[in-house]
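Next up: some structures, all given as structure tokens.
Common to both upcoming complexes is chain A, partnered first by chain B, then by chain C.
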Partner chain A sequence: MGIAEKIKDGLKTNIQNNLNKKNIKKILNIISSEPLLSAYGATFASKSDKFLNIYSIKSLQKAYSSRYPVAYGSLFLPFELFHALGLAPFLPEVIGGFTGGLGLADRTLKEASSRWYTPDLCTFHRSASGAVEMDLFPEPDFIICTNIACDAAQKTFYIDAGKFGIKDRFYLIDVPYKKNEGSIKLLAKQLENISADIAAKMNKKIDMEKFASVIDYSNKFRDWALKANGVRKKLLFYPKYFNGLNFILPFHGLAGTKEAADLYRNVYLELNEFLKVQESIFTNTGNYKPEKMFKGRKIPCVDNLKKSRKILWMHLKPYYKNSIFTMLEENNYKIVFEEISNVYWPRLDPEKPFESLAVKMLSNPLNGSIENRVNAILKMALDYGIDGAVLFAHWGCRHSNGGARILKDSLKNIGIPLLILDGDCLNKNNSSEGQISTRLQGFIEIVDSRIQD
Partner chain B sequence: MITCGIDVGSVSSEAVVLDRSDEKFNISAYVIAPTGGDSQEAARNVFEEALARSGFSRQDIGSIVATGYGRLNIPFATKNITEISCHARGVINFFPDTKTVIDIGGQDSKVIKLDSKGSPADFLMNDKCAAGTGRFLEVMAKALDIKLTDFAFIFNSTREKVDISSTCTVFAESEIVSLIGHGIEKNRIVKGLVYSITDRIVSMVERIGLEEPVCMTGGVAKNAAVLKALEERLKLKISVPAEPQITGALGAALLG
Partner chain C sequence: MDYRIDDNLKETEIKKEKIGWLCTYAPEEIIIAAGYHPLRITGKLKAFKSEGYFPINFCPFIKASMEDLLASALKLKGVIFTNSCDGMRRFYDSCRAYLPDLPAFMLDVPRNKNIISIEHFTASLKEMIIFLEELSGKKICSHELESAIGICNEKRMLLKKLSNHFRNNQGSIGVKNYYKILEKSMTDEPEAFIKYIKERIKELRSHLNSASAGPAIMVIGNFINEERLWDIFDEIDCIIASEDMCNSSRYFENIKLSAGAEEVLDAALGAGKESPMAKLLTGIAVRQLYKPQCMRTADMGTKIEEIIKSITRNNIKGLIFISQKFCDNTLLLYPLLREKLAETGIPSLFLEIEHNNISAGQIKTRLQAFLEII
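== the complex of A and B ==
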């Protein structure tokens, strides 16, 4: 176990043994203080991992610090809006995911269950609701959610608003089904009105310069993400511990910040370094030789690279200890792209922030017809030349699982097998390790046999 | 070459020793035994017993392939392959044209679709509950105090069935107790149970896309009532190997 993992384990045990908001805040204050944060960052073998961890801690510390107005936000919102308004975003669903990794989900889910949250509700939301009931989350000044894809946020966040006595500061952004001129105008107006209302409640005016700066950072992030995604079209040799499924915050909660742009700049630079090593192995040039180490990773031989199988991953992953990714690695299967890493929106216009953010929301393939998602997945499949795809069918996630059949059929039409892996991203008791391992290994055997044929 | 396949299931474990010295291979010996609480020990026991019966020594065995849910926990196996690939390979040995395999084991059921070369092209597994598996039938037989071997006779001699509404094994058991309490004839309950398990499997077959010929493997393939009900529901004839319970272990030995 590396130093970073040991520190993480120590923090995890501390939080588990002393689970209350005061202790979470105390730990965040300690770990985010300098020089400790830099020392912690230095323990990571991968730059991408390092910045992801540092910025996640900073973002959480800000929300827990009581020094900024806090706004809860559902995952598919344009968080540029939060940063432009000076709100510290707090994403209950994402932090609900952290409860899985921290080994707290059993407790938060049990709490939710005893408060009448139905067991067939998605565990991200149930765990977050349990955490709210246990008073583990920072108190929000505002709660904002959207009806894009996920239905649960609208309901559970409203319950949260009632609990915190801020129903007058609860906003639901109603995103139209189709993207057209009318729907863009309608949505842009909503975003503008909500922003004006929030600003007024904070006795402020909307700062358009701040909006322009946030949009500028959002565009920078987009540029780096596109470049990183471009590298991944060829990349088979990945940094140690790199998992694209971890990068939720820069795409969402940190959208529109310098941190997200910096983070993805580092992701790009690191992946590009690995690509250069890979290319030198293929061309047998440079100083890099197979079997030697590069940044904590053994350099593969050409044969190994050529035999790599490429996988597209849909939806999310289990956040507790599991064997999925080890099994993929051991069988030389690379997740070359994830649905969540897709840059689906056009460049934003700093002069028209609300309209741009409306376009961004309406461009989300999870909004509107299932055909939008199917077309986006088919494009990813072709762009990344995948050998197979995996859809992790998270318990209770209607928006994702509802489309499983059509996704399977559509990929089959272009000759790509899809494994629908039933499980639960948070609740390990609701996932059968044996069944998941048999299904995944069976899928690997099928893909291997197709390629050999 | 001599190979061995070991299939460690949740209820039973099987080992097959295969003599592949000639072009035509020969099953030298096979063993079927309950798995019990220690899957590793069960694997060792069936392997040693099969070896003893075959007359070969440990040194004669070229490869040992483990399959089944306990496949990752057999230290003396040379490799492990899922029961999906092993059942497919085992079936193709007996019925080369098979396109769909229905495997109902102790605690899981699978439907495997085969391509034109007999390799798995797709598969479906039951959810993580025991409904639709051999364990379901065992629990119900116990609740009814009827031998599983009597199911076929009862099924064939009974006209009407009782609908079993619960798909969960635990709830179905209490439903049966309640039906008995209401004086419902046990034979009708047996018929209802057989259709209950069959309907779950038919739904999986339809989901993956039925393609003939169909073959059934696993311990439940020995239950003539389930086999008949499946044939009736799918409106086709299903092939069953002479000893369906060793299909996975045989496939493993063939892939070794």
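== the complex of A and C ==
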């Protein structure tokens, strides 16, 4: 176990043994202090992982610090809005996901069950609701949610607003089903009205200059993310512990901040270095010294790289210890792209922040008909030259799982097999490790045999 | 023997071409104005083939409805879907993917209630008109829509009368019969149903002889259309003094707009320069969005207030909350509702059921046990 992992484990045990908001806040304050954070940062195996962890910790610390107005936000909101209004975003579903990794989900889910959240509901929301009931999350000043992607967010966020006595500060951004001129106008109006209302409640006016600068950062983040994704179209080996599925918090919650732009710049630079190494291995030029970057990891050979299988990962991943990714790695299967890393929106216009953010929301392939998601997936399949795809069918996610058959058939039409892996991202008791590995093994055999044919 | 309304409900012959619909937010008046018969898809068949299209944990009502569509027994000319929940969105997608010959339209219904939502919903209604016009090859004019609104409102008013009778004289109608009549109101041709229900109401007036026994209860749920379940209610001693379901009050309430909704309508109509058609559509949009709320709407607090008011008004002693399994919209109202009910001291019973697949014995035992404590 590396130092970073040891530190993480220590923090995990501390939180588990002393589970309350005060302790979480204390730990976040300690680890986010600059000297400690940079010392901690230095223990990471890769730059990407380091910046991801540092910025995530900082963002959480900000939300817990009681020094900024906090706003809960559901995942697919344009968080640029939060940053432009000076709100510290807190993403309950995502943090609900962290409860899986921190080994707390058993407790938060139990709490939710005792409050009549039935086990058939998505565990991201159940766990987040349990955590709210246990008073583990920072107290929000505002709660904002949207109907993308699922019904559950709107409901649990509303319940939270009631718990915190801020129903007059609860906003549901109702995204129209179709993307057209009319719906852009309607949505932009909603975003503007909500911003004005939030600003008024903070005794402020909307600061359009701040909006413009946030949009600017958002565009920078978008540009770097696109460049990083561009590299990934060729990349077959990655920094240690790199997993695009871990980037969900900054990809959404930090959009519009300097941190997101910096993070993705670093991800790009690092991945690009790896690409250069990969090219030097392929061309056998030896221009790059892979040893330094691999820190004791086995350096792949040309043959190995050539035999790599490329996988597209759809939806999310289990957040507790599991063998899926090790199994893929052992079989030389690379997740070359994830659905959640897709930059689906066009460049934003700083002069027209509300329209731009409306377009961003309406461009989300999870909004509207499944055709949007299918088209996005097919494009990813072609762009990344994948050999197969995995859809992690998280228990209780109706919007994603409800379209699994259509996704499977659509990929089949272009000759790509899709494995629908039933499980639960948070509740390990609701996933069968044995069944998952049998199905994964079967899938690997199918993909291998198709390629050999 | 006590009188009971006829329980031999015959299906009437439908002469017009049929357009299926699935949610009370879909305005039947527009379908009628387009010259079609609006037929509610009720998920008659047991899910079998449709299991292959959806995951295990998916709304059983949707699965049964997909089965209806796959079997083509309804002989529909088209279907109006509604963006009511995640499940419906995927149902629409699956219908388009696997039943490409069945024209399908997705009606977008907002979750908020304000001027922007009215504008949004009116725009969706306009698209629905275009869909139907393309299907029929004929334009819908405002007179046709106005007359269709008249028919639907008359039906709604009669259903409201029936529901008042049901509340006060449950024994004269019977629980199962009541819900069967409600189903009939959504599947029969409107004119034929109006004729039928007028006769039944006349009959009822001279037969108010069966006082029912038992505590007053309220039933809340989504689309709960289970004969075997309603049979149980006929067998046990309780009076359904208030109800709030997709296939009951939410279907026929709000013929007359409340003062608040009138104001919204005035504001939405603005300077009054709109065409007669636009005015009618805005009126429909306001009526639909300002009727008793469905659990899917943003403001669950108002929904709960509506429920609490009904509990007080009707002297309710206990609440029975029935949800289709895997329906997030409904299931996520319950934690909040239960908390509010605890404040008022009203006990509640939570029943999760699977459309077309209920375990009657178990439900009866639970209902009896619940009635004993209230």
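Note that in this section the second predicted complex is superposed on the first by the 443 of 453 C-alpha atoms of A that agree within 3 Å, B and C clash if a C-alpha of one lies under 4 Å from a C-alpha of the other, contacts with A are read in each partner's own complex, and residues count from 1 in each chain.
Here is the rule we go by: contacts are C-beta pairs under 8 Å (C-beta built on N, C-alpha and C of every residue); 3 or more make two chains touch, one makes a residue touch a chain.
Owing to the predicted nature of the structure, the values given are computational and were not obtained by experimental measurement.
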Which of chain B and chain C A:Pro176 touches, first, second, both or neither: second
First, second, both or neither for A:Ser449, with chain B first and chain C second: first
Contacts of A:Glu330 with chain B and chain C, given as first, second, both or neither: neither
Touch count on chain A, higher of chain B and chain C: C
Which of chain B and chain C A:Arg439 touches, first, second, both or neither: first
Chain B versus chain C as contact partner of A:Pro417, first or second or both or neither: first
Touching both chain B and chain C, residues of chain A: 422
Complex contacts: residues of chain B adjacent to chain A: 69, 72, 81-85, 108, 117, 119-123, 125, 127-128
Contact footprint of chain B on chain A as seen in their complex: 417, 422, 432, 434-435, 437-439, 441-442, 445-446, 449-450, 453
Interfacial residue positions of chain A with respect to chain C in the complex: 115-118, 120-122, 129, 147, 150-152, 154-156, 158-159, 162, 167, 172, 174, 176-178, 182-183, 186, 189-190, 193, 368-371, 393, 395-396, 398-399, 401-406, 409, 422
Chain C to chain A touching residues, read off their complex: 52-55, 57-59, 83, 85-87, 89-94, 96-97, 106, 108, 110-112, 116-117, 119-120, 123-124, 296, 298-301, 325-326, 328-329, 331-336, 338, 350, 352
